[in-house]
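Shared between the two complexes below is subunit A, which pairs with subunit B and subunit C, respectively.
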Partner chain A sequence: MEYDLASLSGLFGHAFSMWWIMLPAIVVGLIAGAVPGFAAHNTIIILLPLTLALNVEYALAFMVALYCASHLGGGIPAILVNIPGTGGAAATTLDGYPMTRKGEAVKALSLCFVASVLGGFVSSVVTLFALPALSRVGYYIHSVEMVVVMLFGLALIASIAAKDMLKGLIAGAFGLMLGAMGADHIYATPRGTFGFLELFDGVPLVPALIGLFAISEALVMLESDALVEEGDQPKTAATWRESAREIFSAFSHWWQIIWTSLLGLVIGVLPGAGASIASFVAYQQSQFFSKTPEKFGTGHPQGVIAPESANNGVTTGTLVPLLAIGVPGGSTAAVMMIVLQFHGVPFGPRLFVEEPQLAYGVIAVMAVSYVMMIPFMFPMVRYMSRITVISTVYLAPFIVAFTLVGAFVPRGFLFDMGIAVAFGIIGYVARKTGYHVAAILIGVILGPLIERSFLLAMRISGNDPMVMFSSTIGNILWVMLILTLALPPIMSRRRAKLERLKDKSLTGPDA
Partner chain B sequence: MNDRSGARKPVGADLILPVCAALYAVYYVWSVWDFPAEAQLSGIILAGLLLSLVAIYMIRIIRGLSLGRYSLGMGNFFGPQESRKSRGIFFLLILAALVGLPWLGFTLSTFVFLAASFFVLGVRPIGRGIMIAAIGALTGWFFFIFLLGTHFPEGPFERLIGTVL
Partner chain C sequence: MSKTFDTAAFAAAATFAAAMGVIAPAHAQDADYPDTNVSITIPTGEGGGADRDARAITQVWSKYLDRNFEFSYYPGAAGQVGYEFFMKSEADGTNLMFSNIGPEVIMLELQDVPIEIGEDLVYIQKTSTEPMAIWVGANSEFETLEQLIEEAKTRPVTISVSRLPHPASIGMLALGEATGAQFNLIPYGGGNPTAMAAITGEVDASALPLANPITFGPEARVLGIFADENPVPEQTGNAPTVNEAAGTDLPPLTSSRAFAVQASVLEEYPERVEVLKQTIRETLADPDYIAAVEAAGVPAAFIDPGDQEAAMSEAAETAELATKYRELLTGDE
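Right, the complex of A and B next:
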């Protein structure tokens, strides 16, 4: 496709003309993203009769707008009640919730919305121009690289999410172990299932998410009367002026938003990596380059911006391998693929040759969806922050009642609600003892994916374990993984030593 | 002596997760023991990794205990004493809601769970709790079942509305 003004204005003009289908999709997506268990792919599945009945362009516009809005919506409960609406928002809880507890919910929501909208918009526009080049990234990532990418992501999460790295690693490894539950990939024999037939397909992810985050948070939440200390509670709702001021001041972080969203875009292009890894990598990188890294985890604005812009950067990234090589980059892209296949849309090079308007149009619709979300930011910032003044005796039962039943939705098994409660207990223990629940969840998500890539690499190499060190990209990633694990303890020891020396020199030899 | 024990960090609760994780890893290896080597491989590597990490953590704890820096107390694991009973009953209500859901369906079980939880957690007057529970359950029914058509477990309420509509 030629990138001239006429083609681009035609693409964006056509995307804007579908406003009537995109606006309802945005509303549904925002709500679905904010309710754990109703993630974008579940909602699209529920609304499948509608998308299958629509013309392919409208169906795609509806799904894409819903998908983008759900990524924005996922940050709302992560900030207000410490429960990420989607796995990609797990990193948002690290600083978003502490901001809420400090009485800065309006500011945190503003940062979240601006980072999501601006990050999503920028990455969509960049994707539009870089689509031919980006689509080649997937060719360089094979099973060996995928194993290291996922281990790297897990190591980052373990080292960031938990204050004690060893505890974080134990939580991540426990998650991997739970994720490896179910029938093995070669012989289909059940492993570690306690004899439950319902676990033969492995641990269902939605009940695990709901249990680890929602149920456990509800149980911990009841230990105090309100989410926010009485002195920090806002006396009245934020005014329109206050909401607008916070939103506009959030734009001052534009540079961080742009580079973390582009980081998310690149990670999103790797099939299977997804929003969860992208948001934690962006968080870690922001902390690394920050002038105030010690403030991360205590309610730092940069800690909200990084994961939110990255997980919205991923939204465009996950569509790239789907469009370019017909491999969905994530679960929502997989559902979209099914709908597109139903409509007879080809993928890969044929798509760009036969229907270029559709291929590039998807990305344009994404950019336009983010523009259309701007008017929604102001009322959401103003009214949603009021959730923090609701007493926990009302909030906790509502969270349990409406999220627990969300565990039932994907498979329709009552057993899955029991799994959610079991993970709720694990989550409660983890929260109370400093093993971060995000590390367990990401382990559960990545467990089967790592195993699949690992077994594939072993099979291809004739069971030679040295295959794991056979690729240049893989070896670079191994070095980065080792540095991620080794550097933090070395740095903290060095810092402690310097502090001791500084104290000694201040107090003098007589002290 | 009291001062010394007071300064010790309680780590009893911190051991729950690693011990459970280690037990699961051992059970997992046992469950794949008779499998072909290829089916065992990834599980055994993962279990080995987890058990090694737990072993390192245990060494750290034992060292801390022997040096008198740690104690085996539970610390603040169960939260404030005054709300323990109500939170315990709330957890039992969650389990009861799971058991009752197939018979009562989504709307009624949500209503009963919310009303009972509000009562146990101290919402007064009771009428207010019942009213909020009813509004919450009906809103849930309207949004999830009526609007989105989600297949939640059906009970007398959903069947009655289905007949009427």
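Right, the complex of A and C next:
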């Protein structure tokens, strides 16, 4: 499609004209994202009777706006109460919650919302112009390359483990072991299921997230009276002025937001990848390129921005294979495809030939959804940060009750509530003994994904391990991965050495 | 703007109300069937081919069976999880399984699943039947099945399949056995990722039910069909049958979607089963349903109102095939 000012303004103008369907979708999406257990795809499935009945254009606008808003909403509980509602928000807890504990909830929420909105908007606009190029990414990144991309995310365990390497690695390995449970990808042989049919699909992610983070956090919370650390409690509620100031100052991180959202976009385009991989990789890369990597994990703004802008970049990315090739890249896109098929709308290249306004309109709707979310940011920052002043005596039981229901929702198994409790105990013991729960979680999330790609690559090659080094792009990624792992310790040793020399020269021979 | 908005807003409100069950359905309830929702178990993931087909059927089915339909998805362990959970649901005819007979009967035969077709579960009514197909992405170097087979005689050719226990996998293994070609089957765990692997060139070719490459349009090129004749020559570029192209004598390999109930339902609630069969058949003949199938890009020729006998006979034939190729499919090669 040739872009000129008229066609672009037509696209965006048309997208804005559907505000009446997008605004309720944004509200539903924000709630679905913020409530653990309700992700975009299961909310869209619940609402399928509605979207199937709507005109296809309105249906798509509704689903796309809901999808985008759910990714923004996911960061809220991650920051305020250390509960990532989805895998994509798990990395947000690493710095978001420490900020809340330091009394900086308003700032953390502002960073999260601005990163989500700006990141999502930028990646949508880039997609609009670069769709043909983006759709080619999937032709070059196959299972081998996916293994390396996911190893970037796994490498985060090493940085989390930096403070206590042995415990960090043990936690990561424990997570990987849990992630290996379930039927294997090739022959569907059950492994470590203890005879429970409910574990044949592996450890269910949402109950594991809820247990490791929410329930263990609620138990820890009960040990103190307030969520915010002593002396850091805000004296008054956030004002409109303060909320606006924090939101506007969050825009100063625009460069990091842009590059991490583009990273999320590219990862989102890859088949089999998704928000959790993107957010972990973006966090890990942000730490690598940061001038203050040591601050990550202690409540660093960059640690909130990276995962949030990346997981919103993914939202556009997952639609690219559906729009450009006709094969959905993720579960949400797959459900959207059903709606397209139901209305007899062609998808893939035929969509661009036969209904270009609809094809490009979807991406424009995505960009406009993010613009429409801007007014939501101000009241959300102002009022949601008030959660932190609720006494833990009320907050902790509420979190346990609320999230246990969330553990039940995705699959409807009572068994999953038990899983959440079991993981809650694991998480609590891990926290009390100095094992990082995020390291366990990274293993649980990325383990099965890496295993799948690894097995596919090995089977394609006829079980030749050298296949891992058989592609140019893969080899470039390997070099980058090695540099990512090797450079920080080398640099810090070099810095320490320079400091020692500097100290020596300052104290000098006269000292 | 105001008119557009008013109409659109009213339409949205009305559909929302309808979706929430606020607007009462206009037609009468069927007396022989309980006045509760019909729960449909799909042993594959949401957004897949089974989900697409189930949605298309139920949209029209509600004309004849005035109930709401609920869906649950259990894709684990090649569908085993779905079957086992379905068997635990109440056997009263309001819980149905929407099956894909071919791959699922093979799964039940090969995996350690305590379910016997016929004794525990019965396929009561088919909805569609389609043959398996070998196809490549539009950018593939292979133009014909002969070329693919020749190449597979010199090196193992990679074929993406949805799962190993699948009629398409059996077809490829049988073809390899008959021609001396080496096919390395790569199970991607679902139709969409399987297709993606072929389209993006990660694998040399793919073997899936024929509706898949047809729905991908120009992104896919069908090389051969496991059937006695090509049922949809216009939509497949007049692709030959596998036997024509390879000079083999393989049996047709098809898979049918069908509704199933627990076997005890047939004895305890025969009248409910009759209502189900009758209304499904009416749905399959409804022009709205035929239009919905065609709109989804699936040929209407695949609609198959085969009865219980036909469905169970297909299940028995598939079970035989699974037994024959057990070793190759279970990795005990």
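Things to note:
The criterion applied here is as follows: the second predicted complex is superposed on the first by the 459 of 511 C-alpha atoms of A that agree within 3 Å, B and C clash if a C-alpha of one lies under 4 Å from a C-alpha of the other, contacts with A are read in each partner's own complex, and residues count from 1 in each chain.
The criterion applied here is as follows: contacts are C-beta pairs under 8 Å (C-beta built on N, C-alpha and C of every residue); 3 or more make two chains touch, one makes a residue touch a chain.
From a predicted model like this one, the values you see are computed outputs, not experimental measurements.
After superposition onto subunit A, partners subunit B and subunit C are found to sit side by side with no clash.
In the superposition on chain A, A:17 makes contact with subunit C only, while subunit B stays out of contact range. Of the two partner chains placed around the shared chain by superposition, subunit C is the only one that A:182 touches, whereas subunit B remains out of contact. Judged by the touch definition given at the top, the superposed model places A:341 against subunit C, while subunit B stays out of reach.
Between subunit B and subunit C, an angle of 90 degrees opens at the CA centre of subunit A in the superposed model, to the nearest 10. Of the two partner chains, subunit B is the only one touched by A:191; subunit C is not. Residue contacts after overlaying the shared chain place A:412 against subunit B and subunit C alike. In the overlay built on the shared chain, the residue A:422 is in contact with neither subunit B nor subunit C. In the overlay built on the shared chain, the residue A:396 is in contact with subunit B alone; subunit C does not reach it. Superposing the two structures on chain A brings subunit B to within 6 Å of subunit C, judged by their nearest Cα atoms.
For the contact definition in use here, the residues of subunit A common to its subunit B contact set and its subunit C contact set are 47, 186-187, 190, 412. On the side of subunit B, the complex with subunit A involves touching residues 13-14, 16-18, 20-21, 24-25, 27-28, 31-32, 35-36, 38-39, 41-43, 46-47, 49-50, 53-54, 56-57, 60, 76-77, 79-80, 83, 86-87, 90-91, 94-95, 97-98, 101-102, 106, 110, 113-114, 117-118, 121-123, 132, 136-137, 140, 144, 148-153.
Against subunit A, in their complex, subunit C makes its touches with residues 1, 4-5, 8-9, 11-12, 15-16, 18-19, 45-48, 51-52, 55-56, 59, 71-72, 74-78, 80-81, 84-85, 107, 111, 156, 158, 163-165, 184, 186-189, 192-193, 195-197, 199-203, 215-219, 292, 294-297, 330-331.
Listing the residues of subunit A that touch subunit C in their complex gives 17, 20-21, 41, 45, 47-50, 52-55, 58, 138-139, 142-143, 182-183, 185-188, 190, 197, 200-201, 271-272, 321, 325-328, 331, 333-335, 337-338, 341-344, 346, 348-350, 412, 452, 456, 459-460, 462. Against subunit B, the residues of subunit A that register as touching in their complex are 43, 46-47, 166-167, 169-171, 173-174, 176-178, 180-181, 184, 186-187, 189-193, 215, 219-220, 222-223, 393-394, 396-398, 400-402, 404-405, 408-409, 412, 414, 417-418, 421, 424, 426, 429-430, 432-435, 447, 451, 454-455, 458, 463.
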